[in-house]
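Chain IDs A, B, C, D, E and F follow the sequence of writing; residue 1 opens each chain.
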Amino acid sequence: MNHTFAYLSAGGFLGLPITPDAPSSSESGKPFAVAGVTWDCSVTNRPGSRLGPGAIRQASRMLCDATHPLFDTSPLDKLVDLGDLLLPNTSLESMRAALMPQVSALLDRHEMVWLGGDHSITLPLLRAYRAHFGQPLACIHFDAHCDTWTDHFGEPSGHGTWVYEAFKEGLVIPEAFVQVGIRSSGVREAREFVNDQGGRIYTARELRGRDGAGLQDVIDEVRARLAQNGNPPVYLSFDIDVFDPAFAPGTGTPEPGGLTTAQAMTLLEGWHDLNWVGMDLVEVAPPYDHAELTSNAASTMIWTWLCGRLAACAST
Amino acid sequence: MNHTFAYLSAGGFLGLPITPDAPSSSESGKPFAVAGVTWDCSVTNRPGSRLGPGAIRQASRMLCDATHPLFDTSPLDKLVDLGDLLLPNTSLESMRAALMPQVSALLDRHEMVWLGGDHSITLPLLRAYRAHFGQPLACIHFDAHCDTWTDHFGEPSGHGTWVYEAFKEGLVIPEAFVQVGIRSSGVREAREFVNDQGGRIYTARELRGRDGAGLQDVIDEVRARLAQNGNPPVYLSFDIDVFDPAFAPGTGTPEPGGLTTAQAMTLLEGWHDLNWVGMDLVEVAPPYDHAELTSNAASTMIWTWLCGRLAACAST
Amino acid sequence: MNHTFAYLSAGGFLGLPITPDAPSSSESGKPFAVAGVTWDCSVTNRPGSRLGPGAIRQASRMLCDATHPLFDTSPLDKLVDLGDLLLPNTSLESMRAALMPQVSALLDRHEMVWLGGDHSITLPLLRAYRAHFGQPLACIHFDAHCDTWTDHFGEPSGHGTWVYEAFKEGLVIPEAFVQVGIRSSGVREAREFVNDQGGRIYTARELRGRDGAGLQDVIDEVRARLAQNGNPPVYLSFDIDVFDPAFAPGTGTPEPGGLTTAQAMTLLEGWHDLNWVGMDLVEVAPPYDHAELTSNAASTMIWTWLCGRLAACAST
Amino acid sequence: MNHTFAYLSAGGFLGLPITPDAPSSSESGKPFAVAGVTWDCSVTNRPGSRLGPGAIRQASRMLCDATHPLFDTSPLDKLVDLGDLLLPNTSLESMRAALMPQVSALLDRHEMVWLGGDHSITLPLLRAYRAHFGQPLACIHFDAHCDTWTDHFGEPSGHGTWVYEAFKEGLVIPEAFVQVGIRSSGVREAREFVNDQGGRIYTARELRGRDGAGLQDVIDEVRARLAQNGNPPVYLSFDIDVFDPAFAPGTGTPEPGGLTTAQAMTLLEGWHDLNWVGMDLVEVAPPYDHAELTSNAASTMIWTWLCGRLAACAST
Amino acid sequence: MNHTFAYLSAGGFLGLPITPDAPSSSESGKPFAVAGVTWDCSVTNRPGSRLGPGAIRQASRMLCDATHPLFDTSPLDKLVDLGDLLLPNTSLESMRAALMPQVSALLDRHEMVWLGGDHSITLPLLRAYRAHFGQPLACIHFDAHCDTWTDHFGEPSGHGTWVYEAFKEGLVIPEAFVQVGIRSSGVREAREFVNDQGGRIYTARELRGRDGAGLQDVIDEVRARLAQNGNPPVYLSFDIDVFDPAFAPGTGTPEPGGLTTAQAMTLLEGWHDLNWVGMDLVEVAPPYDHAELTSNAASTMIWTWLCGRLAACAST
Amino acid sequence: MNHTFAYLSAGGFLGLPITPDAPSSSESGKPFAVAGVTWDCSVTNRPGSRLGPGAIRQASRMLCDATHPLFDTSPLDKLVDLGDLLLPNTSLESMRAALMPQVSALLDRHEMVWLGGDHSITLPLLRAYRAHFGQPLACIHFDAHCDTWTDHFGEPSGHGTWVYEAFKEGLVIPEAFVQVGIRSSGVREAREFVNDQGGRIYTARELRGRDGAGLQDVIDEVRARLAQNGNPPVYLSFDIDVFDPAFAPGTGTPEPGGLTTAQAMTLLEGWHDLNWVGMDLVEVAPPYDHAELTSNAASTMIWTWLCGRLAACAST
């Protein structure tokens, strides 16, 4: 076959061209890269996030020249878009097997933003980061769900098991694992898993009605926690369902009572100069979106993170 | 005819089977029951809430094992779903006449959650509760609208008159009637009716920007008010349009400037151990919903109330 | 109350003003009038047709100067729009009681086009026509459903019983009752009722793949049948669900395998010079419509009928 | 885990209860059964058909007492609904491995209607039928796509390879394989595969504008072809995308220029007394549906087939 | 041609009739008037706001008798609806040329509420106000975007240039120009233009999590700023995209992290007695709306402003 | 500004890259090119076709390897996608002025497919073709509307005037101008203009129920007519609203009773070897589309025309 899945992205993030063979950041002076992982077959309810990368990229075009109003930086000159990785699409195991070497190669070339896809893609990504850095990572995990199930309805791995698996495999530093926005139903062992392991969960309940100055203590606590753990490389895994469904209806397992987009922006801005090494944004399911609400929120989060990274890099 | 209206619910709340003939709570050890009242012909704008019970039940399936993260309880073992009541569907009066004996019978068997339907169903429900308990009830009423019209565009009763009628009929204790989230247009006599009768209205304006600790005084005031009135049986009538339309577009008469789902969760959690005796959740109109936003919010409110009830019962 | 239901129509058909007190056709030279009957509480599945009159009127504005390409007539100078009748909205019986005298008065003044609303409005309309003309009527009935149920899920009357009731009450001439497009499930007695009474059913099956010249025999047969019955006054009852759902998704009980809009246009054009005395167009449910597909189809049918009437009148 | 995927069906076909442990047809006198296969991870474009079984069942409730207007039969007393099979959801291979024994067991008990899911489910179904009958089957295949790709974008099997695989594995009788409605782009070897193997393709082009009597020769030719091959057991595989997208937008790979629902009804009615042994209906993707257009079309096709089967059985 | 664009409004605001020739406020005792400007051809992304006036008017019908719960006033007796201005629709320059004299004439007769249309209509409106009052105006500008671009993608004027142009033309008092909710991407010169000129920008960031009492200082600061500038006539330009897309999806260039409807209501209520002389509400794009979320929010803002005006007038 | 309108297309037709500077067909061996004209400000009802080029290109990706089942050709190796032309967007006159030189330059380099945009783009295109070929053109015009208005609601030119203007300017050969599918309302002079000038109108009425062999006489007549006129260069202007709204809801001025996609395919296939020199496809308005129905139909028409062109070229 000389063609590809119809759901792969047509145009790049922020209107950039899609350049799968872009030169490495050292060659090009463009340290950041975006790549899509169009897999959505590990969800437990509504599929569709295979179309997430395309929708996020399309929505990002509304960002115009992409200069951030707080950081006064734009990623346009520092970023390439590598398009969507070519992956088999009928088996989680095969997809992950095909994903790993591609990820490893890209980590050598760029600081990556991964566009999901469902949350089952984060486990192989973390495996690659763990190998790349030779150490477990700190992680900030925005999500409505704790993703600490020990199985996926009888299967070993799905989109709700990766946190459990990452801890078990030693991919992350337990004390430097922070969850934000958790609120779904579930048994205590799963809900409190990260706390029990020494990490910190900021539930959605804990964050209700807090924004602006009201979030400063959360920002400070996490900075302190990471510092206490030696400021290891930090990975951001951002599940769009951390948002209240009003702000992000286009996702597979929405949970009322979630964050506003403003709250997440406050946190990402406050944490912009952490020792970030990469991020993913997952679970955007365009078939359930309306008027680009969800893809627009997603592209804004990525852009905020990138502009914060640029500001932090510029100031050091 | 050996068939029923196509809009009746297909599956039960939380994935439970629909068992119209479930044994009573004393026989079964399942004190709680859900039943639908698929009536929407008393609305003044957009109909559709006859499809609410089915949509709420469908959305509730996302709650998985239904263990609540605050209360650490699950209603799954304590709940039956009785399906939708069989009712005539072309006349409010006939519907209410057919509804009353069914409700009375069910109140003898279970603590009920009623799924509307439009808000005109609450008047006959309160009549049955008044008779069942032999006394008027306290009531907490979440709504964008005060529902104190003295007529329904020339007819005696509709979905906006039940509060007025309930007061006039002595179904409720005026001083123990609390409204939350009121904000619609209307003349002073209607708007202030509950205050004028000795009750308490927390308008949406009064609640703006308050959540978490910022709502504690509201929680406390209402607890005190009910205590001052001898902690009578309390009924919860929850109109989904109390939410801002961003959080619950699927309703017949949306009003901007409403509550967030998080605010309502904070209140229900704070009031979880009141002397509750039942609740309804009304005005979910699926034809105007998107991506299950509204039905998902509704099922989450019911689940929160049920889990709070279970926690309160367990601690006494 | 000094206001009305929010769902009443804002603007008139073809952009005409809404003039409830328009002078009679003899005074004004405008023989035709449109009026809405915003009732949808007798449906067995999805409600919403109370919003039909407003949506049909809005869609009709796309007809520009409204000159018909076949008939070369425009109703703009011959038509008034009387708006929606003021009716109680919580009881079929009360609605019909309030409807009857208004209808009778209007029949004295105009040749009417009634915008439903659900199909339960046709029974009181036929009663008024029967009284007005002092004789039973011929009727051409476009519908997916035969509407010959003997009860409405236990109630005497609904939106699926009016044909049975009209026959029983002697409102129509059995041999001059013609159904077009019938295809829904149902027991033989109901399905074949009209045939059994001496009328004629053209099922959707019988019409499959026939249009243009392929429908001429149907046109001719019906003309002959009406002539054989003395060309009595003919009433058109047009249920939008006669169309395949692809052409009219916005309705309460859609049935696949229906007519195309073109087929109906061919029939209405072919029958344009029958002894018409009025028509209704019912069951347009805007909440289920998309891109005005259904309301646009409805307004086109009405316009076709009006322009055909004008052409027929002009040629006599 | 004590719960299941949220996308499993809530209520049964035609309003029947879901009874996974229904007695066999010999014990119960109910020869027919429905079961869902909620798998959609082998599609090449838009996912969502995992929600197809639930949506088809919901839509089927509009069929009321389900008596067919042509056959005058109703499946209500002859049918059980077994719900959705429990299957792993992250790997095609694992899903098929889990599916096969369940299918084999059910073939011993009932004549089955399978609700997909994507078209990759048909291959394991045919394997089970081949084993069950001890012979290859005749097959009538409604589809926009020939499904004769030799690989799935590099993987051995997907939703577009099953016809090729079924021929290669000897599951079907080449001369008794009939395709209806094919029209998608593709290279000649794939497009003409079935013709080249001795079967017969009725392309959508060949069927344009033909319905009613205009399809009689197609009906007769296929009957003759099957007779010439000894009237072997015939399997119906019905991909909803055989319909023009106007009639069935809710599918993953829509192709303009397709069949009308009426055309398919004419064919199924004409072929109702073939030696049918089972059917599947696949690729209904509710996230892309509107107003139940697609699920309603699907449920009507299944109902037509069932009623035709009952009529054929009754007449022998 | 004897007809007009199909997108012009059918019915008036709050259910009032459309009366293009309404007598002036001095003659009629109705000081306020609404008029639509159905132009959307200057947008940089999604068009559709030509349909905004019609949608806002339709949504306003949910306000019933329109008595405001805070101000206890209703505009129903003080307001006329002049319908939509007749304007050419293919050229910004021509549209503005045709608009100016109509606006000037209306300013002599009423205090106006203008319904956009896109934001390019505000420049000619301000020109007319500047001429009418013989002095530059104060302005409060709600928007996600600063609208200070110096060109429109190569053209001199569009929907993102009017603030820059208004300053350059001396239409507004720089120190009395206040922006609320600004948050879009953009270069520093554009973002800070209003601050640089002596005005005041309250960015969305600055307002996060603040409502009720938390906004009092903003209210007070602006009042003080206007007083310091001599309380000149104040114009309100309200771009619906100031709201978070969750609250107003139906707009052309949505930006996450925006205001809630409640926040805007708090501000408008707090500023109700400023020296207002008129307002516009722009950029409501109904094709991207859902369930009237956006048009409902828009009509509520206008109603709040009108009722506040009435209360302020009554108290002086 | 260093960025462009957000609505410009992200990816190319059939998944090709967007290459605005592609070498000419003589240099590249790729005779065909696609370019977008993202203008929609001349419509009389619903805007949105500025987003048409992007949506058509996205939908075209479903065509896989793009080999046509009738012609057995694929345009993939013969086609470049030049992206969307850069044009001012606030004035029809300025847009056309900027468009003309770009079009002229491209006609020297490629045989073009133009993606609209609304139908007002066709007039400047025809002017360029007229100049390029030094003679007026034959034209086949698919549309619901005759587009022969003599003015655009008081302006000289819009999307409904281009046919009138093209005749008046001598851009087309009257006798070789063929309209297909016309059916909208309108006065006789406009409706019959093309016939009156010597051309031929095949109204939608004339084509009802005809497809396959039933359209052969239409195909033949047009071939004969063009031959009688010396087989001049033929231009195809395809307005998507020629289709019934069921098949193409996403357009600005839908008209019931239109063509099926199959009918248009039959005609384009039958006319594939005319002396074509270019085509446009206009009026696809994605905001009103559902599930890509309209954009998918559009891309299929273009693909059919391209494949037919390739087959015709190959056979000569």
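In the analysis below, a contact is a pair of C-beta atoms (placed from the backbone, for glycine too) under 8 Å apart; a residue touches a chain by one contact, two chains touch by 3 or more.
All values derive from a computational prediction rather than experimental measurement.
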Contacts common to subunit A and subunit B (chain labels): D, E
Chain copies touching (subunit B, subunit D) - same or different residues, decided at half shared: same
Sort the other chains by how far their Cα centres are from that of subunit C and give me the top one. A
Could you let me know which interface, A-F or C-F, is made of more C-beta pairs in contact? C-F
Whole-Å gap between the CA centroids of subunit A and subunit E: 38
CA centre of subunit B versus CA centre of subunit F: separation in Å? 55
At least two partner chains per residue is the criterion; list those residues in subunit E. 1, 4, 6, 45, 62, 64-65, 209-210, 244, 246, 253, 288, 290
Quick one: which chain pairs are touching? A-B, A-D, A-E, A-F, B-C, B-D, B-E, C-D, C-E, C-F, D-F, E-F
Touching residues of subunit F toward subunit C in the complex: what are they? 45, 182-188, 191, 203-206, 208-210, 244-246, 249-250, 253-258, 288-290
Sort out for me which residues of subunit B touch subunit C in the complex. 1, 4-7, 40-42, 44-48, 50-51, 88-94, 120, 149, 151-155, 157-158, 253, 287-288
Can you list the residues on subunit B that touch subunit A in the complex? 62-70, 72, 74, 209-215, 244, 246-247, 260-263, 265-266, 290-293, 296-297, 300, 303
Complex contacts: residues of subunit F adjacent to subunit A: 1-4, 6, 9-12, 15, 17-18, 57-58, 61-62, 64-65, 76
